[in-house]
Structures are given as C-alpha cells and as structure tokens.
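Naming follows writing order (A, B, C and D), and every chain is counted from residue 1.
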Amino acid sequence: MTTIDHWIGGKPAEGTSGNYGPVYNPATGAEAKRVALASVEEVDAAVAAALAAYQTWSTASLSKRSAVLFKYRELLDAHRDEIAALITAEHGKVHSDALGEVARGLEIVELATSAPLLLKGELSTQVSTRVDVSAIRQPVGVVAGITPFNFPAMVPMWMFPLAIACGNTFVLKPSEKVPSAAYRLAELAAEAGLPDGVLNVVNGDRVAVERLLDHPDVSAISFVGSTPIARHIFTTGTANGKRVQALGGAKNHMLVLPDADLDLAADSAVNAAYGSAGERCMAVSVVVAVGAETGDALVEKIASRAAGLRIGPGDDPASEMGPLITKQHRDKVASYVHSAREQGAEVVVDGTGYTVEGYENGHFVGVSLLDKVSTDMDAYRDEIFGPVLCVVRAETYDEAIRLINSSRWGNGTAIFTRDGGAARRFQLEVQAGMVGVNVPIPVPVGYHSFGGWKESLFGDHHIYGNDGVHFYTRGKVVTTRWPDPSDSGINLGFPSNS
Amino acid sequence: MTTIDHWIGGKPAEGTSGNYGPVYNPATGAEAKRVALASVEEVDAAVAAALAAYQTWSTASLSKRSAVLFKYRELLDAHRDEIAALITAEHGKVHSDALGEVARGLEIVELATSAPLLLKGELSTQVSTRVDVSAIRQPVGVVAGITPFNFPAMVPMWMFPLAIACGNTFVLKPSEKVPSAAYRLAELAAEAGLPDGVLNVVNGDRVAVERLLDHPDVSAISFVGSTPIARHIFTTGTANGKRVQALGGAKNHMLVLPDADLDLAADSAVNAAYGSAGERCMAVSVVVAVGAETGDALVEKIASRAAGLRIGPGDDPASEMGPLITKQHRDKVASYVHSAREQGAEVVVDGTGYTVEGYENGHFVGVSLLDKVSTDMDAYRDEIFGPVLCVVRAETYDEAIRLINSSRWGNGTAIFTRDGGAARRFQLEVQAGMVGVNVPIPVPVGYHSFGGWKESLFGDHHIYGNDGVHFYTRGKVVTTRWPDPSDSGINLGFPSNS
Amino acid sequence: MTTIDHWIGGKPAEGTSGNYGPVYNPATGAEAKRVALASVEEVDAAVAAALAAYQTWSTASLSKRSAVLFKYRELLDAHRDEIAALITAEHGKVHSDALGEVARGLEIVELATSAPLLLKGELSTQVSTRVDVSAIRQPVGVVAGITPFNFPAMVPMWMFPLAIACGNTFVLKPSEKVPSAAYRLAELAAEAGLPDGVLNVVNGDRVAVERLLDHPDVSAISFVGSTPIARHIFTTGTANGKRVQALGGAKNHMLVLPDADLDLAADSAVNAAYGSAGERCMAVSVVVAVGAETGDALVEKIASRAAGLRIGPGDDPASEMGPLITKQHRDKVASYVHSAREQGAEVVVDGTGYTVEGYENGHFVGVSLLDKVSTDMDAYRDEIFGPVLCVVRAETYDEAIRLINSSRWGNGTAIFTRDGGAARRFQLEVQAGMVGVNVPIPVPVGYHSFGGWKESLFGDHHIYGNDGVHFYTRGKVVTTRWPDPSDSGINLGFPSNS
Amino acid sequence: MTTIDHWIGGKPAEGTSGNYGPVYNPATGAEAKRVALASVEEVDAAVAAALAAYQTWSTASLSKRSAVLFKYRELLDAHRDEIAALITAEHGKVHSDALGEVARGLEIVELATSAPLLLKGELSTQVSTRVDVSAIRQPVGVVAGITPFNFPAMVPMWMFPLAIACGNTFVLKPSEKVPSAAYRLAELAAEAGLPDGVLNVVNGDRVAVERLLDHPDVSAISFVGSTPIARHIFTTGTANGKRVQALGGAKNHMLVLPDADLDLAADSAVNAAYGSAGERCMAVSVVVAVGAETGDALVEKIASRAAGLRIGPGDDPASEMGPLITKQHRDKVASYVHSAREQGAEVVVDGTGYTVEGYENGHFVGVSLLDKVSTDMDAYRDEIFGPVLCVVRAETYDEAIRLINSSRWGNGTAIFTRDGGAARRFQLEVQAGMVGVNVPIPVPVGYHSFGGWKESLFGDHHIYGNDGVHFYTRGKVVTTRWPDPSDSGINLGFPSNS
C-alpha cells in the first residue's frame, strides 16, 4: 500500500512516529493508501527546517523570489491534470471540478509572482524640514498552514505561495484525508527552484495541529476548516503570541427577487448547492425566495434540474457529482433530510439512500431539496456540508435580509435581480464578507481577498489578495533626518556651514 | 471640588455609581478634582447610545462625515492652549510638551478629514466575461478606546477621529488619572456637529474596562497601556469575538555609531530620555554606544546636558521637565536607580531625592544617567517610565543589534550615524516597528502608522494611518454578473438575442 | 468705477498697461466695474514672483504646506457667501448656484489639505541583492492657470490649490469678464499664510494668454475653455516645452431608456439643461429618448416643468435661472432656436425674446426645448452654451449609443434606467470621460478626477484628483546600492570583510 | 539573402513596396540580410489589422489577457538565447549584454502579467446620500511603437506587452537596422495565443514613421530615439490628436564625492561608459569628480581598467565590447575624440583607429577617456553615443550639481558616496528622472517607471510601470444614483414608499 510521507527541508521524510492514517477512495469506499501521522518531533523538524531556511529566504531579493514563483507557475500549469487526478482519487469530486480547484489555486500563485508590486512600501519626503518617512513590510517568520479536506490543493495554494512570496517560510499540514495533492505541490515547488526548507509538508492529526499551535518558532497560522476548530485555532494561537487567521464554517443564502431570471437562478442554485456534493464553504445551502410565486416557480425549476444530475465516480467523465468524503459524513448528511421532514419541511427531492451501480460501497448520496424550511429546523441551523438545499420563503426583501443577517455566519451570499437599486441595497446592507449579484458562489478572484464575517472568520485579515500580503508581513516605519554633509568633519565637497 | 462626569449621547451624564476617583495636580501633590467611576450600567448606557447612533452614522455620506471632521479640526486648532492646560494640570508635563501632544493628536484628526481618500474601494471590471468585482470596506460597529495617563489627549485622538471617520461610533474610557482633556475633546466634537452618541466618554476603572471587554455590542477595542494589561485586553477581547489592537510597553534603544554627530546624539538622548519625565512609550531608555571612545564621549556630553535641565511645575514657562504622575510612581522610578547602583552600574547622574522649591509635595524626581548597564540589571530589564537613561556599551554593530533584537519589546529604536550603508542595514535588520535614523523618537506622522513589534503590540494592526483605517473597517468583496438587458422580458430598447 | 487689479507677490498690483476691460452686471446689462488688462511686462512680473517663491515653497515641508491649506479651507468656508455674491454680480448665475460652485471648488481645497497622502512615493527594498528603489514625485515649477467665465471661482479652485499643495507656485489668469472672485481667492490665501508669490493673479486678455504660453519660466498650464482655444493652448504650450492640460467644449447626451423613472429623468433634464442658464461644460444639451412612447412622455414632462421656471436676477432668491454672460451671447443662443425651427425641429418651448420686468437691459433669455432634432442641425452640431435642450429620438439602445459615440466631444453623458445590465453596458461602451447613471451632471467628487475624452480635453491628464497630482508633479526614480559599511576605511563598529 | 518581412494580422506579410534596406553584421561590416520597407499602404494594412482586433481584444477579460501573457513569458524565457543571438548579429553587442537586454525586457512582460493588479479601478460608495462613484481605466485603441537600433528587443518590450495587457492593439515599427528580434517577438506572441492582429510589426523607414504619425486610427505613440526626432514625433503626433510619449537623448553625469569607494566608482564608470559600446541612452558619458585628489585617482583607475577591456565580435564569449552600429557612426564617434583634443581636453585613452584582427571591416572603435573636459567642448555638448567618457573636474558638490542641472537633458545621473546626507541632497536636488546612488546605470526595475526630464522626454508619462499603464489607458469616472427599488412600479418585494 502506498504511503504518503512528509516533505521536510526539500526532500521526502519518512514517518517515524509509527502512526498512520487511512486514505480512502470515496468512490469505492476502499482504503487506498495510508498517510504518516507526525509526532511532535517531526513537526519540530519541519519547523526547524523552515526556520533555518528563513534566514536566507527572508532576505532574498524580490527578483529571486519572483523568478522561482514564475517557474512554479509554469510547472503547475503543466501538471494541472495530474494534480486534479490526485484530488479526485482522495476527495471524490469529479475531474472537471478538481481542475477548477487547481485553476483557482493557480490564481494565487499568479498573484504571488507579483510580489514586487504587492510589497511596494511608501515613502514621504520632507514631511517636516529635512525629515523623511518610509514604510515597508517585512515577513513575519515561519508560517503554518492547516487546511481542510474539501480543497486538497486550492486552499493550501491560497496560503503558501503568497506567504513565501512575502519572504516567509512555510509548514503545511494538509488534511490527513487528502494528503497527496499537497505533497505534490511541494515537490513541484522544489523542482521550480524553491530553496530547501522554504516549503515543508507535515502530515498529521491533532497532535501535529496542537504542536504547531504552541511551537514558539511558528509566527503565524492560516487555517481553513469548521467554526469550532477555527475558534480554537485562533484563541490558542493568539494566546501563544502568533498572528492567526482562521476561516470557519458557513450557511450561505441566495436571495431571489421576483424580477430575477429564474432559469439563471435555478441553474445557479443547482450548481452552487450540489457542486462538489455541497462540500464547499461557499456552497449555497439556503435559497430565500421573495414572494410565493417566485418561490413556487423556483422550487419547480430546481427540482426538475436536480432530477437530471448524474452522480458517479469522479474519474468518470459522465459524472456531474461524486461521493462524499466518508461514510460517516454521508450518514450525517442524510440525517438532516430526515429531521427536516420530521420538523415540517417539504422534502421535494430526497437524495438519501442513493447508490451507484458498481460502486455500492462508495460514499454516495443523492441531492436533496427541502422547501418551506424554517429557521428553527436543524437543516437550517447547522452547516450540513452535503448536497442538501433548503428553500426559505419570505414575503419581502426586508424580511429576507433580516433573516440572512440573523445568521451566526457571514461567509458568502448572493442576490438575483435585474434591478440596480435592489442590488446596491443588498451589497451595502448584507452582513457577509463575499457577495454575489447574480453570481451564486462569489469566491473573489485572486487579486481580491477571500473571507467571511462573524463566525465564518476569526482574525482581522481575509485570505489572499492584499489582505493576505498584509497578514504575512509586519509593518515597519522609518523616520530619517540625515545630518548636513557639510558638517561631518570630512570634506565631501560641501562648503562648511560655519 | 470639581467633578468630571461622563459624556453620553451628546451630553454630560453625572455619575450614578457613587464611586469617584481622585484627580491630582502632580506639581503640588494636591487632590484637585474627582472623577466619576462608571458602573456596569453606565458603561451599558454609553454603549447603547453608541449603538443607537451607529444606525445612521454608519450610513452617513462621506461628505457629511468629512464636513464634521473639518469643523472639528478648526475647533481643536482654536482650543490648543486650553486642552494643553488641562493636560498639564492633571498629568504634570510642561505646557510646550502638552501643546506638542495636542499637535500630534491633531494630525490624526487631519488624517480623518481625508476619509474619502482613505476609504476608496477597488473595482475590477471584466475579470472574466461579463463579471466585475468590487471591494469595499465598511465600519465594524461600536468601537471602544481605552487610553493611558501619559497622553491624555493624543492617544484618544489616535483612535476616535479615525474610527468615526470610518463610520463607527465610539466609547472612550480615558485614564481616570487625567480625564478632563478627553471630556473636552468630546464636548468640542459635539460643537462641531457630530451627532449625539457617535462619541461617548465613560470615566472609570477596572469595572468599566471589564464591561467593555465583555459587552456583546462592542465590536472592536483599541488599547494603549502597559504590556500585561495589553495582553489581557487582547486575549479577553478576542475571545469575546471582538477585533482588538492593544499597544503595550517598550524599552527603546538608541544605537550610536562612532561616526555619529555626538552632539546631536547627546541632545537627542536627553530630549528623548527625559522629555515628559520619561513617561512616554517612545522614550529612549537605553543608549547603546559602539566603541569605548564613542561611549565615553557620549556619556560626558549627556551628563553635562542633564545637569542643566530645569525641572519645575508644568505651567511655569521656564520648566523643561515636570513631575511624575504619582508619588508611588516617583518612588518606584527612584528604586531603579538604587538597584542599578547595587547591581554594578555607574550612576553618573543621580536624580533621586530631588525637590522643587515651593512644590515640596509635588511628584518630582530629577534625571538619572546610568552608565555601563548590563542586560541583567533591573533597570535594563524593566520598563521604568521615568527620567532614567541607561547606557550600554558594545564593541561592534553586530553586538549592538543582537542586544537590541534580544529585547522582548520592539516598539521604537534609533540609530545615529552618517553612513548610508549602516543605516540601511539597521533599518532592515532591527526588530522594531518604528525606527529612527538620527531621529530619537520616531513616532510616525499621522499618515503612516504607529505600532511596535513583539510584546509592544498585540494584534495585527498598528494604530492610525492606513492600518488604523483597516482596523476600523471590515472588507467586503462583491462579484457581479448582470444579465443581458436584451432578455429581460421588458423592452429596454435592446434587440432581443433570440 | 471699481477697478480690479492684479495680485502679484502677495499684494495688489495696479495695472500699468493702461488697458482696461469692462466688467458687466449681466442682470442689468450695466458696465459695473473695469478690470486691468496685463501687458507682457506685467505677466512677466507675476511669473518672476512665482519663480522667486518657488525656491522655498517647492522645498517647504508637507506639514507646512498642509497647515496653510487647512487654514485656507477655514477662511473659504467662512466666506462662502461673499464669494458667491461676487460670482453672481459678474456672471449672473443665481446665488444658490454660485454657492454650489464655491462648494465644489472647496472640495479641491479639501483634497489639497491631504497633500501628504496624495504625494506618498513608493519604496521597494532589496529589488536585487542590496539594491533598493524609490519613486517620488516633485513639483514641476511655475504653473499657469487660464480659466473661463462660467465658473469664476470653481475652475480656478480646481487648479491652484492642488498645484500649490504639490509644491508649485502659480499664476492665475481668470476670465476678464468675471475677475473679482479669483482676486478674492488670492487675498484669502495670503490671509491664510500662503507665502508671497506662491499664488499670483494677472488679469488680462489674449496678450496675457500668449505671454504665458511662451514664457520660458512657465512649466505647465492648466486651461479650461472652448475647444478651439483649448487646442491652441495645448499645441502652442507643448511646442514650447510645457506640460499642458486643456479642457474644451462639450455636447453632453442624456440617454433615457423605457424603464427609467421619467419624472426623475425630466427633473434631471431640466436642472442639467437650464441650470446656470446652460453655461456649463457639463450641461445636458441633448436628451436621447429610446422608444417613441418614452420620447413623447418625456418631452411633455420636460415642457411642463420648463414652463414653471422662474427667470430673474441672480441676487433675487426667487430666481431659478439668471441671465447669460453677454448680449452677444444671448443673441447667438437665440439664433440656434431659430435655425433649428428652420431645419425641421419641433420647437416645443421657445425661450427667445424673453425679458424680465425691471431688467429689460439684462442679458436674459428664456429656456427652449427642441424635439425631433437630427444630427445635422446646427443646434445639434454646435455647443450652444445656453438654455436650449435638444431631444433626439432613437428606436434602440444601439442606435442611441452609436449616436452618442459619434460626437466629436466626449465630456459627460448619462443614462437613466433601473436595469443593472443596461447601466453596465453603457458605462463600458460609452466614449466619454464622465458618466452618470441616473445622475444628469456627473461632475466627479474632488477625490476623483474631472475630464472628458476626444475634443473635450487635450492632454494626458484629467483635472484634480489623482490625475491632478500627477499632472502637477514629475516622477523621479532612485536606485540605491549602499556600500557595505564594513569596508569604508572608517571603523564604524562593523567587522571588516577582509 | 534573408529578407525580414512584416508581421500583420498574425502572420508574415511579404513586403510589396519594392523597397528594402540593408541589415549589416557590425562585426564583419557585411550586409547580411535585407529588410522590407513599408509603403503607406502596408502601414495602413497593419493599422487596419490592429483596429479590427481591437474590437474583441479591448473587451477580452482580464483572465484571458493575463493567461496569454503568462504563456508569452514562458516562451520568451525559453528563447532568451535565440533572441540574444539575433540582437548580437544585427546590433553587434556582446552576447551576455544581449541576454541582459532580453532579461530587462522580460521584466515588463512579467509586469504585464499583473494586468489585473495594475488596472484596478477605484470605488467610493455613499459619497453623498445614495450616490456612488467609480473610476476605471480603459484602453486607448491602436498604439504604435517606434523603437531605436540600440535595444532591438528591450525597448519594444517596454511598450507592447503593457499596451496589450491594458487592452490595446499594437503596431510596432522597429529600427530598420535591427529588425529580426522584434519580428521574432511577434512570432512568439502568436505562439502564446495572442489573437491575430493584436500585435503587428511593420518594418520601414521615415515613410512608415510619418504614416503612423498621421494615421487617424492610431490613438497613441510610444517612441524612443534621439531628441530631435522625439520632439518631432511628439509635436506632430499630439497635433494630430494622439497621445504621445517620446523619449529622446541624454548626457548622463556620474558625480563622485571624495568619500566614495573609488574602485567601485571606477568599475562602475567603465561598465556604464563602455558597456554596449556606449550606445545606451543611460550610458554614463560624463564623470564629475569633486576635488582634485578624487579626480586624479579616479582617472588613473578608469584608465587602467579601460586598457584591459577586450574588444571583439559580440558572438565571441571572450569579447567584453563589440562594434558600433555603422561605419558612419564609428567615424563620428572618433571625431569627438579628435575635437576634444583640439579644444583642450587631455586624451588619457584614445580609442580611435582601433581594429580587431580578422574583423578589419567591422565597425570597431576602442574606448576613449577624456580628462579635464569643459562644458563648451563638443564632446561635452553633444550626445556621442559611443565609448567615450568625459571627466569634468569640480571643486565642490555645489559646483558639480549646478553643472549637472545645467544640462539640457535630464535622463539618468548617479552619485557615488557613503554619506546618507549627501545622497539625500543629491536625490532631491538633481534634475533628472532617474537617479543612482552608487549605481551607475539606474534603469528602474519594471514595476517602477523609466523616464527622463527636460529634453530627454516629451510627454507627461514615463514608460512602463504605473506610468505606462496610465499612458496606455484613459480614465472614466462614473457617478451613480440608483432609484429606490420600492417605487419602480414592479413589485420586487420592497415595501412601497407611498
């Protein structure tokens, strides 16, 4: 059985803890590989490698850093398919979706090639007589990244390319369920000429996470995962003196006004709710339809589209949706459909109990559509992270936005309308970090920043974009007053003042 | 006896807790006024006033906000002397120094008038076909400011003008030792047309601080004070879901190279170490002299200047240095001189036991100069916050910078040299947030940001400047794809696509 | 009779050329004052004063420049009414309109107070090993401003405050028809503490203009006026080695789609076409109505509003529109109504031959509304600069935008619609520098830039905002590599490399 | 004999004018190839191709444009050697120097990949009640580039990649002496996926230049060449309504203070004066030595280094300097050495009459060093553009900077010193666009802008960097006020206002 090791100091590092975790193929349900789980000592070795590399990398010139990143971009571009296949094999998502993930991650590598633009400091001359002020940003040190199972390549790429471009060195702990893509990213970085130790990967479980949280040489942590863990990472990491950004869960609402293009809205809802089997923190999990007519029509359109979705293994080009990550998770997702029915929702489409022929042990579930959901139902209150879409009915825009703004999360949201004035009000009033106008999954492009509000993000900085640069650097302001060269005692060709 | 009340909802609010604190005149030692200490209910009333005002102020136009701030700037400019007198009366610093404090605070009000420039968002059109992305920043809500005794007007002005310019509303809790200046700032803001409740002042002690830390309607906290309290504020505030920036203590080193202008260096050291009686977080408390010759000459020059300093009440124009804030603090400062002597330092100038004729009960202490201080002495290890300057000797630049970078604080630092290459190395290598080159107290101008590294600041954002704007706002990214107007079903004059 | 002199070197300078121009009161038609017309020698004196002042002003600190501008803002704010009265007396516009002009000019003074923000340079450290790069902007020298009659205060304020904030000195030549406001602006600047010679005013005619164009010590020229003169200024000025921005004429189209709020559109058209008697380069002079129904309804609504407009002297609070600048201009405006009728337009409202009781010699004309105008009529082809509104009918959006984009001017334009997609297409497709969406006169706020495309502006830079800063400064890039301090031959405490 | 054709509309276009120019190999003096010289019709065909391509390219998404540019960067990176060989074959410079040229050009392609960052617009919400303002930049149309012989690849790459990234289409007219590199650049762009017609190359002489200058469909021109031609291009182009930036000649001074590292200064002077045989607009052609001692020592050090320089064909790896571009130019360069001797300079090293064995017909000249040059000598007054270095003696810094600032050019300049205060004064006081501190050829990195002052540049914008983006785009400001969605007449779920 294949074992996925760590990558430390520019080369593979076999696990020495004796602990391994299983890596499943979700389409077959088989344990396909195993992954080494790091001990405290192995985490320490990775941090030590990163710290050693920091001394030179942090002072490497912008042109040097940028050259490596351009080369890295080339290599990643050439290996898109291979990385996508690794994602599909361990996560289960369909190949086209995995390719999309790689493409969105690559955006941040492209952003990172622009380090010289992103890191421009400021200079004010003659702020007062003969006094100048400059402001620069310097790297923070060793940064750790802790990433979730649902984007095995993209979320790591949201972090380390930019951190490295800023002069930091990096220790990545990917999800132990999907370790291969991250490992391959590290190999390719080495091939691109990244010096040893600048990017390290340690596989592991809670042991590794806790060690990163209390290691004195880790200066900053980027985390993406669920809200409870995000809160723990933030609180513990900051108490330990680290800079932390911890992105948590979500319950993203899509508001549909009566003037919306309902076919577009239905297509969008289907893609955004069921794509990647709903295992996305930006998935639409609630549609809020304004007006009974809008709601009825929309539910019908979504239901008819849902019926036609092809579910199957991710490596089958015909599949539009793959399995869930684990059996346990599949059963939990199904339980929300059951509880919603019990709590009074209309189960328009019931995806529970779905099986794929030839893949009976795969972690498959069908798509579900729940109508007339109310805010006290479990299916509304929890983040399901599966292909279950709730429809909530509202009579007015005001009722709809109050509902959205009552959520404890504030990650993404969208409005569907043609009306410029309605869209403006929504953009300004809605309490969420990422907003779509007729765009159901408004993940910002790489040169803007990704991040939610409320319990969707702990910390002051969103991820990637300018916020990412700010997070991975520290500000320094220099105030200078040069003495007059004429009174230095050395004759520099300046007439003496006296 | 004069009582200083709270300022809530645009008008004075008499204290109702029954608790009062004494406000001394440090020059005479007399208890001159008393200040109301807020109960939890009074803090709640201030937060409630701020929250009520938030609904309209947060959506007020940029032109409205800016107009109020320009008017406020006018009023503050006209009342410089009056505010400075309030500072001197309660803090003790000399009038010229108090005027300087007001001027530096006014810089941030001037910055705040530029809200429309500072709050410009970003817009990317056609990021992919027919998709646009915009990024804006919105206020965070009710912000609390907790400020120290040593800058009764300036530190509050580092906070609330910018917070307000960004659309937040504010509750200020000034130091209960020096409450009058902050109260006057609030009165003048009202006179400038700031709507009721946008700026509130609650006086108080630990009760008020703790209530602000756990009040659910306070979204963010700016704090300036000592390191232990800063850490507490940060940890507690963030655990309670607030955004926090907490600025702590310092031990600022001034590095003098052999080629420095030693007269300039000595003048700078005297001003930076003894100005405001050393009660500044940016005071120079350690001079690191490179080379024995440099050290000897510098100590002699500093000592001779120290001897001539005129110490007296702050409202006497002849005084160059005033008293310390309390008797207790004066005695503690003196104890460091004694312990340094015992621990082996050379006490070149001993300011302990100093009295001013006619002001025998004032909290005066003379200036002290300690040479050949080592890093294990108490006078080196602690932040003294009084007019005591330590000189440490180093043989080389490398030794000197290692020493500076070993400090647990990283607030300000300075180098004195004429050599461009030496200055560059220092700027890049030194681990501190604010660096002076031949400038002993490198407090950044208002349009750059103030903040230290390490234990001098908890949080991701420095204060005022662009960091201040970022701290007082939340990012929101909007991704938009407008449907083609030709297929809306309404004839807008666009030819139909079909 | 009052004479308006020049203002040179910080004080009044009586005219010595012996030439004077008449200054009329347009409401009465009387010659109310006279203005000195400068000789070449007087222009030279003003330029010499500006050049002399440049030596110190260009190196004055940002804090010094900013302090003067804040004070200037205070004074202007306090003198709004007085300046507006000067405008009304010589230009004729109604007082409220004149106050609006002052307010819009004041925006740029407020922008200019932000000089320290606007002039921040850039700094890149370690671009390659030990090499840093900084980019700063420096003033260009003596700048001349040549301004039109229609905004006696605002257009000068678009220029000199920002030019001065950037460190330049300035010679202003206002329109000789309306010289008093500009003169008063200069007096107040001196009162605010602006050093002598930094701002100079020379009154004059073509002699003064031509001298400014060829004076070797004038480094840059800002001009606002008609297209033929703008072209001449640009061509001559640049041939003489000067930096030039020359804003010319316009014919601004307002596109109304069928879904627009037609009452809003009609109100907007009336304000934008007839406000300030149409003597605005951003006046709407053409409405393009899409669809016959839209056009018919809109014309009716505009006509009924036009009927109710109160025309009278500008200093009468009841007046909504004042006289034109001269009798000659009034007659020319009227001639376009006549020719349009002859060329086939429907004259829905005919404002020619209008008189105001008690002001029979005033330069009054009523408002005119021409429907079914075609693009070959004189009233369409020329810039009328009077209260004449043309309505052109279009069947589709495509026809409408083709028409707008066929104009030789590209100053301002607007669309009225509720549809977000229609507005997006218009914004991206229309060839004009300033676009309104449901805003008829989209003059950008001061922190954005004003400028048209095509024959509405000659030069690369729009006026005020960031473009203004760029125009009034020159870029300089510094690349630095400091030698290692250890091999300087002087012992600076750095260990020797050898 | 090889013929170099045009490249129009994405494919080779054989010359049809019947006119050809010779392309020499400067090392052998042989006519090695010929180049088609375009007729007016052929220029028109290229512009037509560019205009046709503009319709789609100008609206192509940022992601599309960026993807092509990343691919282009890859291809150029892979073809560095090949392009460098083309340069050497036609221009004569040594291979390492040609590689350096390619690398500096590639910097701008890398900058161009960042188009999404560079083109970010601005957005201000709620500037006044319910009014928003956005500012975007749009392409200008068809841009022409006219480039000189001395950088056959780099200077074209300063222009078209950024112009194209901004959405423009391009017609490049390279120097007819060195056409092959530009042609190859166009081929590779097509290979990278650039749509046909976006980049076109027309070879030609004055006929082509004049046609580009007056072609109505050319919106902007970037030019690099000599001052007289630059002036002509600017004046004619702007008179024809085009946006123009025209970079001209230079006479770059290097100031050496007594405290400079003289070995570094001598090395720098040799590289900067004789590298690329002095055929660089950023070559150092004048050294200004402050103090007799400095001057004497420096002249000696330069002379001894000059003696050791290996001159030979550019494709010989041993060569450090190659031939000049033509025989005529070689003779003209030599004439300056002769006239300097006659006019009183000391000819320390005389490079005239130099021949290389085996390459007797090559356009070689040796390096010359002229000491004690005065400002009235021809060698000082003219741009020689060959390996002739003048040394001027000055007694003080003040004398030196006056001399430098008296030049009619203001391209590059440098100071050599260790003193921070001297360097600051020089940076602020010197009148030149590009300044080096201990850097002899301060060509800015790609993310800053290149450009001189005075007669070294005609136009408002420097080339590449942010200035390049600004030059290749036009600003548009949109002011928006959306009607309230509640009163649209359509029920959008907003409660009616009435």
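What we mean here is this: a residue touches a chain if its C-beta (ideal position, glycine included) is under 8 Å from a C-beta of that chain, and two chains touch if they have at least 3 such contacts.
Everything numeric here is computed off the predicted structure, so don't read it as measured data.
**Q** Could you see whether A-D or A-B has the larger number of C-beta contact pairs?
**A** When A-B is set beside A-D, the one with more contacts is A-B.
**Q** What is the distance, in whole Å, between the centres of chain B and chain D, each centre taken as the mean of its C-alpha atoms?
**A** Chain centres of chain B and chain D, defined by C-alpha means, are spaced 48 Å apart.
**Q** Report the inter-chain centroid distance for chain A and chain B in whole angstrom, where each centroid is the mean of the CA atoms.
**A** One centre to the other, that is 36 Å.
**Q** Need the CA-centroid distance for the pair chain A / chain D, whole Å please.
**A** Averaging C-alpha atoms per chain gives centres 42 Å apart.
**Q** Could you list which residues of chain B touch at least two other chains?
**A** Those would be 59, 63, 116, 120, 122, 124-128, 131, 135-136, 259, 417-421, 423, 428, 437, 445, 447, 480, 482-483, 485, 488.
**Q** Line, ring, star, complete or other: which describes how these chains touch one another?
**A** complete
**Q** Write out the stretch or stretches of chain A touching chain B in their complex.
**A** Chain A residues touching chain B: 59, 122, 124, 127-128, 131, 133, 135-136, 138, 234-235, 238-239, 243, 261, 264, 418, 423, 427-428, 432-439, 442-445, 447-451, 453, 458-462, 465, 467, 470-471, 474-483, 485, 487-488.
**Q** Given the complex with chain D, which residues does chain B contribute to the contact?
**A** Touching chain D: residues 59-64, 116, 119-129, 131, 134-136, 417-421, 423, 437 of chain B.
**Q** Per the contact definition, I'd like the list of chain C residues that touch chain B in the complex.
**A** Those residues of chain C that touch chain B are 63, 66, 70, 73-74, 77, 110-111, 113-114, 116-118, 120, 125-126, 132, 257-259, 290-291, 394-398, 400, 417, 419-425, 428, 445, 447, 480, 482-485, 488, 490-495.
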